[in-house]
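Some notes on the structure that comes next.
We call the chains A, B, C, D, E and F, going by the order they appear; numbering starts again at 1 in every chain.
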Amino acid sequence: MSSLAGKKLFPHKLLSAFMLGLWLLMNNTIAPGHWVLGFLLAWAIPFFTQSFWPQSMVLNRPLLALRFLLLVLWDILIANVQVAILIIGPRQKLSPAFMRIPLDLKQDFTITLLANTISLTPGTVTVDLQMEEGYLLVHGLNVDDIDQAIAGIKQRYEQPLKEIFECSNP
Amino acid sequence: MEVLVAVVIAVLTSCGVYLLLRGRTFPIILGLTLLTYAVNLFIFVSGRLNPGQSTIIGVGEGYTDPLPQALVLTAIVISFAMTAFVMVLALRARAELGNDHVDGRIKVEDVKP
Amino acid sequence: MSFATEVVISLFLLLGACFALVGSLGLARLQDFFMRLHGPTKATTLGVGGMVIGSIIFFTAGEHELSLHELLIALFLFITAPVSAHIVGKAALHRQLPCEVRTKNVPWGNDGGKDSVDTN
Amino acid sequence: MTLLSIILLPMVGALLPFFTERFGRTLCAYSAAIGPLCALGLLIGSAPSVFNGMVDYTYLPWLPAIGLDLSLRLDGLGLMFALLIVGIGLLVILYARYYLSQRDSLSKLYALLQLFMMAMLGIVLSNNLLLLIVFWEITSLVSFLLIGYWSGQTDARKGARMALAVTGAGGLCLLAGALLIERIVGSFELGAIFAAAEQIKADPSYPVILVLVLLGAFTKSAQFPFQFWLPHAMSAPTPVSAYLHSATMVKAGVFLLARMHPALAGTDGWFYIVTFTGMATLLFGAYNALFKHDLKGLLAYSTISHLGLITMLLGFGTQLAVVAAIFHIINHATFKASLFMAAGIIDHETGTRDMRKINGMWKYMPHTALLAMVAALAMAGVPLLNGFLSKEMFFSEALHIESMGMFSWIFPLMATLAGVFSVAYSVRFIHDVFFNGEPIDLPKYPPHEPPRYMIVPVEILVALCLLVGILPNFTVAPFLDAASLAVLGENKPDYHIAIWHGFNLPLIMSIVATVGGVIMYTQRSGLFAFYERKFRHDEKIVFESRVQLSVRVAQLFTDFVQNNSLQRYMALLIGAAVVVIAYALYPMTQFQGTLGVSDIEPVSLLAAIILIVGALGTVLLHHNRFAALLLMSVVGLVVSLIFVRYSAPDLALTQISVEVVTIVLLILALYFLPQITPNESGAKRVTRDIALAAAAGIGMGLITFAMITRPYETLSEFYVANSVSGGGGANIVNVILVDFRGFDTFGEITVLAVAAVGIYAMLNGLHLPLPQADGEGRRWDKEPHPPILAVMARILLPLALMVSVYIFLRGHNAPGGGFIAGLVTSVALILQYVASGTGWMQERLRWKYRRVAVSGVLIAALTGVGSWFFGYPFLTSTFSHIHWPVVGDFELASAMAFDTGVYVTVVGATMLILAHLGKLAQTSHSPRPATSKVYKNTEVTRGEN
Amino acid sequence: MNHLIIAPVLLPLLTAILLLLGTGRPLRVQRSISFLSIIAQLGVATALLASAAGSTITVYALGNWAPPFGIVLVLDRLSALMVFVTVVLAFFSLWYAVRGNDKPADSLHSVLHFLLMGVNGAFLTGDLFNLFVFFEVLLISSYTLLLHGGGAARIKSGLHYVLLNLVGSSLFLIAAALLYGLTGTLNMADMANKVAQTTAEEAPLMNAAALLLLVVFGLKAAMVPLYFWLPRAYASASAPVAAMFCIMTKIGVYSIIRMYTLVFGDTGGAVANLAEPWLWPLSLITLGFGVAGALAARELRLQIAYLVVVSVGTMLAGIALNTEQALSATMYYLIHSTWVCSALFLLADIIVRQRGATSDRIITGPALRQPVKLGALFFIAAAAVIGMPPLSGFIGKVMLMQAATTDERTFWLWFMLLAAGFVTITALSRSGSTIFWRTENRVAKVDKADRGALLAVITMLALSLVLSFGGNAVVAYTDALAQQLKNPDIYTQAVLSHQAIPGVHHE
Amino acid sequence: MLQSVIQITMFIIGVALVLNLWRLCIGPTMTDRILALDTMYINSIAMLIVFGMHEKSTLYFEGALLIAVMGFVGTVALSKYLLRGDIIE
């Protein structure tokens, strides 16, 4: 969108692949014409918007990533059931809490993924991120033991994310 | 359903008109927006209520009148442009007149400190 | 469309609907804002998820052709819903909204379980 | 053509002085005289044929459609008047050369005088009543400028305005009268009007016509009760008074009476109105003239009186009376013009016009005194002077009127009484000015004779008074004869002007008047005291206060109606709509049409309830602006759901997109506005507004219901049939937008672009106080760009762009299109602004949004123009299916290019509006400390933000 | 294919775009582009006028879709005249503007051309909804123009103007949609045919739509009780804008004429001439209110603005008389009042500048630098606007008075017109004598008026004389125009018989 | 059977929407209202999907997609307003 000088031809290969898939999904087709068009768009859009995406994203361990994705989806399902029960059940039994989760992750992107994963899963919502102090503030709907919950989150989500995205540059 | 649609349009009109008659720019703009909803719905139903019919060739059993829909689209865009304009004008008026009354009457700042 | 398919679709739909309802119920009846925040962001995403799956099956079965594009909606929601929750939560945090008495670790100290009416 | 030249020649003279003035005032005067001199020559040249009873006509079509043509006639009446106008005009030009001081612009006066002369000539030479009115009104206008010549003087300004108001009003009445005559006659041509005289008089509208025409004449000729403007017109320079207010303009009224005499006279109405108005004027003027200390005031009232006399004569309606009237017009013009000029000389030499100061002038300026005295004696009606002759005729006619039966004695009695006053003020003029001891406190002393040539005009006029008075049959008779012929036609009487008719009743009346006048003058002190007590009212003050009063009333009225309150204007606008709808629907008996009413679905009911709650909530919570905004969003959401429900996916997409953009816009603006709407409306106002709102709602509801339950024929079949084959798209709505009715869309994106341009202009240099805290005093959060949001927003950007491409491409065949795609792109970009800030965006996106918006319109326009090259009208679309290997079949449509224009415009306009609004904070300033409550936009400090 | 008819829409649009894309170019260039464009438009408008002067009605089907399915532009005598009047007006406004009265010039020229596009489009279109769209184009442009130059007074009056018109636009949409919902068409000619078949049972709804349109157009035309926006808006606008705005009320007048002769006119069946009983009293009341305002005005430009209201009342009365003769008179008066009022606004600007801080308040102020020249011009302009002979105002007034029909109407019309004449004489002589005559003994430290700007005013005032002395041709045209209006069949047949050019919308 | 399930589903979502609206109206805090509005957007998406099935049409897909995008942006803007007042800075 701004000057083309110094631009990479394929700035975000992962994103491009993702977009091509998305295009086919969106058009609900795998017709050849749409492959061509999708390929074109998957190249053109990242190319022209690369200045909006400063750091490139590298997927170190695709398999782990897939496993993580499935884990999160499973957790979401469970979380929903749990939360549903909590909501329908007696309100007085809930024991909400705020938790500060210290971060080992360094990159914006991975921290964001962690924060979103936390928000999507059991009874927890990330309400704040303090980059300088390096922690996430999370509200739990029903937390019996804060420390245990923090540890659980770190081990279950932060660790895999670190491995997937931040191994190469510790 | 016809009665319901009429009632909805009537209520939207009433609410819009009431807000239009206020003295400050912001509620008036809200009122305009509500009135616009009413008007758009009205234009829309000038093609009558045809649930299940479509305006896309090859989809659905019959075709509903597409013209009012096109008119509504034009009306929506224009009213968006107008809303934006009048909103910025309201800001300008606030700067020039010192308050957000449509008549620029109030001399003393009305925001709480 | 076979009866079995219909049953499967119905199950997904009803499941999704229930989640949506529960999410909204949570929003409606939980005591403080931060607790209410949990309801919709999760339950409704799954609610939509249920509908999406139901819809995929419905159209795939109905037109004998794989129809996956509804997945995109779910994808979008899964990307955006946590951010929405975060940003609304952040606003609440900034405003230091009162929390339910039982809430532990309230960063700005806890002064009671009653919501104060927030005119703005 | 001679006639037209006569009228136009003074116009030439009007311009020349401007060029010659720089070479000296005398040359200026000469050049001014050229036009009138030529006109005089032409008039004299035409005189013989007129004397022979011929009438000279000229006709040039101007506006035949409305009956206004340059139709001129030169008959005896016209000739007589034209000679007066041109002759006295020439004398006035000469006189003015010496009268006007060096610092006054001579050329301006000459120009106006000649313009006036032209108009007067136009009046007297018109053969078309409407044309006459054209000139008539010009005289009013020019006299306004002439009276106001010394515009620095309050009296001059007020006098000018008063004269214009009165004569202008009269002119309007005359116009109405003329139009009524035209309705009867079918023409404004005088010939036709005279021919239809009986028809006019028999018409039911005759009284109205008569009154209207007479109003025109009376106001112009200063007849009672419209006489008041004339004395105040005396603040004009004396040449102007001499010309306008003795010889010409005031005579236009009596000229009109004479002119219309054949058409309107001869009825009781004419007799009573004209005679009694004349009589009242005669007496009123004569009486008041006696008591004026101002030299010109005396002359002005005397003029009024003499105009009354002429009017009265014309009212009598007898043939000899008409002759007398015409005769007196000539006589009065000569002696009164000379008197005004003499008065001007005295004024000029002494510096005052107050007769209490001016005494004994005989000693200082005997030549002038002699002339003035002769003229004054003519005015008094002394034998051997022209005034005597016509006055005798007047007395004689007054004696002959018998139509009032036993009350007819009133005419001679009143005539004599007026004569008494006339003699008295004439004597006063002579005695007070030229004798009566020594002058008192003259501003200029000692007075002496004026420059030689200044007195020449007076000499000429006085000589005429004498000549006519002594030798009427060798001087004035042919003119009088011809003029009488013009007015009376075949009924022209045989008459004989003689100085001596024997010792008869009129002579006795003259003697009584003379003796009585002298006696009255000698006994004046008592009368003066009486007058001072009773009649001290100044018409100018009265007029001025009337005007002031009407201005005040108008201001009160206008301020009351137009109170600058938008709330009222808005209520009236909506009220007007409600009233017309109520009026229209009132006779309606059956609101439900022939179409059946479908059942209410539960889900729709639910949606309706949500919508209604949202709308009502917006109103109820409107004091809390942010909350109201949220509730309004609900309404928008439900509206788009309704669109979905009723098979309008395009609408739903557009609605929801516009909705969000609007919300962002409103939030951007709300930041700079108060967060709370104060409760300002009283119960009465709220009740009124609720009533109005309810009425509007009910009206809309009824219309909606009535409309949608009725069948209608639509064009939709055509669109359905031609959408694919003709427009190349399956989405009919989109095909309508870009093809069938692409011109609407074309206009619509222009609106968007212009709005963007306008908003850009409005935001330029806009400074607003920057709130440092929210509505409840909380400081804002320290973190401007939460990182989680920023990261996710960036991820969303390419996805959203892809969605917008998707929506754009399929728009022609499925819901979507350039507009929605543009909004999606904009929203994706706006999200970046929100998440990462203006600075961040400016590094990455250097578009000039205004250019983008305009380029979009250009693309659309050029697409439309493209069809010209194929011989088709603007915006004709074309499309074709192209088959590419691998890719397969795809469609290329020109409508796509048009839609691209739409897309680009939408992105440009939306981004311009939102991004520039977003930048507003950077150009705004921190609020002042809480102590300074009044916000002044002049103090501008740049905020740190 | 003759595309000239769309030139009055496209030419200004492209000019505006060119001006906007070229921001940053020297002002001189911008002005040249703008002025050259308006000269070209003047040529186009003249050609269109000449073409319409014959008896043909030209129809231009946009997108090559035959009416009533597509949108058409229709050139009849009325639309040609309106375009011509507009372009002439714009020519003088721009002439005045380029003489240094367009600062900041950035947006003035472009938006003025956008306004022209909107106005011309509104006059030319034969489609009701398209009329709405062009209304919006011209309104949004007028909003921007009105605020041109900024300042509290403009902003305030602008806010009122904008908000009222936004509501007006909503009402327009309601009316248009209702008409569509009843007739199923938006093409005015087609609508005229459909409306003619209205049954008595359907009439109330049709009446509601028609009268709602009257409210909308009445708002634009500044008819009482909807004239409130006008005086302050006109008085506060910058001179070229105020001059240009003189066409704004005429758009309302035009629309009323168009709709109430073509669709709801004599041929309107059960709804024929339904606006007449409303228009008649309202026009005279408008006249009265305008006159009162002119008398009451404390500022010169406000007074002129009220004279615009007076002229609106006059024209509406002519329309209400609803005869061929009256319509002809109305059109004549329309030309006159548009040009003369705008000349007066331009002149007022020059006058006001020479009064220093006194500005346009009608009170004693410094003497003018050029009292005689400006005084003479003001005098002529005032005489023209009052309706004094031999200027065009007088002709227009006489024509209108001659057109009065029944006795009662004659009385009221004549009375109001003549009374208005009288009061405006009083009012203008008051303001004129105060400004030019009742001056202090000093001259404000100002420059003399720009010769070019002055010449623009003089030329414009000369048009009044042209209208008067060349009036025969004008009246002949307006007579023919009125005849065309009174025979709407000519219009409807011309439009509905228009065929698309074969061959483009291929299978 | 499916049609009635779809009807029921729609009704349930409708009830959810009403609950959201209730929260939106009573607040008590602005964040509650924003959250409620956001939930309404999401429930509307659900409604659209089901409605698409009801109508056996895929035309509503874009609508749902767009509401997802737009609802998000709206919520972000509203929340940012509470945080910073100035949403674009």
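Just so it is clear, contacts are C-beta pairs under 8 Å (C-beta built on N, C-alpha and C of every residue); 3 or more make two chains touch, one makes a residue touch a chain.
Bear in mind the structure is a predicted one, so any value in this text is a computation, not a measurement.
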Remotest chain, chain F as reference, centres from CA atoms: D
B-F or B-E, whichever has more C-beta pairs in contact: B-E
Inter-chain centre distance, chain C versus chain E - centres from mean C-alpha coordinates, in Å: 57
Rounded Å distance between chain C and chain D, as computed from the means of their C-alpha atoms: 69
Rounded Å distance, chain E centre to chain F centre (Cα mean): 48
CA centroid of chain B to CA centroid of chain C, Å: 30
Residues within chain D bordering two or more other chains: 564, 566, 570, 574, 626, 645, 670, 675-676, 700, 703, 707-708, 712, 714-715, 719, 740-741, 744, 748, 751, 754-755, 758, 762, 771, 774-775, 781, 786, 788-789, 792, 796, 799, 803, 814-815, 917
In chain B, residues with contacts to at least two other chains: 20, 25, 42, 45-48, 52, 54, 56, 59-60, 67, 71, 74, 78, 81-82, 85, 89-90, 92, 96, 102-103
For chain A, residues that touch 2 or more chains besides their own: 22, 26-28, 115-116, 126, 129
Interfacial residue positions of chain E with respect to chain B in the complex: 129, 133, 136, 140, 143, 147, 150-152, 155-156, 158-160, 162-163, 166-167, 169-170, 173-174, 176-178, 180-181, 186
Sites on chain D touched by chain C in the complex: 624, 626, 675-676, 774-776, 778, 781, 786, 788-789, 792, 795-796, 799
Chain F residues touching chain C - in the complex, by the definition given at the top: 1-2, 5-6, 8-9, 12-13, 15-17, 19-20, 22-23, 27-32, 34-36, 38-39, 42-43, 45-46, 49-50, 52-53, 56, 58, 61, 64-65, 68-69, 71-72, 75-76, 79-80, 82-83
Interface residues, chain B side, partner chain D - complex: 1-15, 17-27, 29-30, 33-34, 37-38, 40-42, 44-60, 63-67, 69-74, 76-78, 80-85, 87-92, 94-96, 98-100, 102-103, 107-113
Contact set on chain E toward chain D in their complex: 1, 3, 6, 10, 13-14, 16-17, 20-21, 23, 60-65, 68-71, 106-107, 110-111, 114, 117-118, 121, 129-130, 133-134, 136-137, 140-141, 143-144, 147-148, 150, 159-160, 163-164, 167-168, 171, 174, 178, 181-185, 194, 201-205, 207-208, 210-212, 214-215, 218-219, 225-226, 228-229, 231-232, 278, 289, 292-293, 295-298, 372, 379, 383, 388-390, 394-395, 398-399, 401-402, 414, 418, 421-423, 425-426, 429-430, 433, 436-438, 469, 471-472, 475-476, 479, 501, 504-507
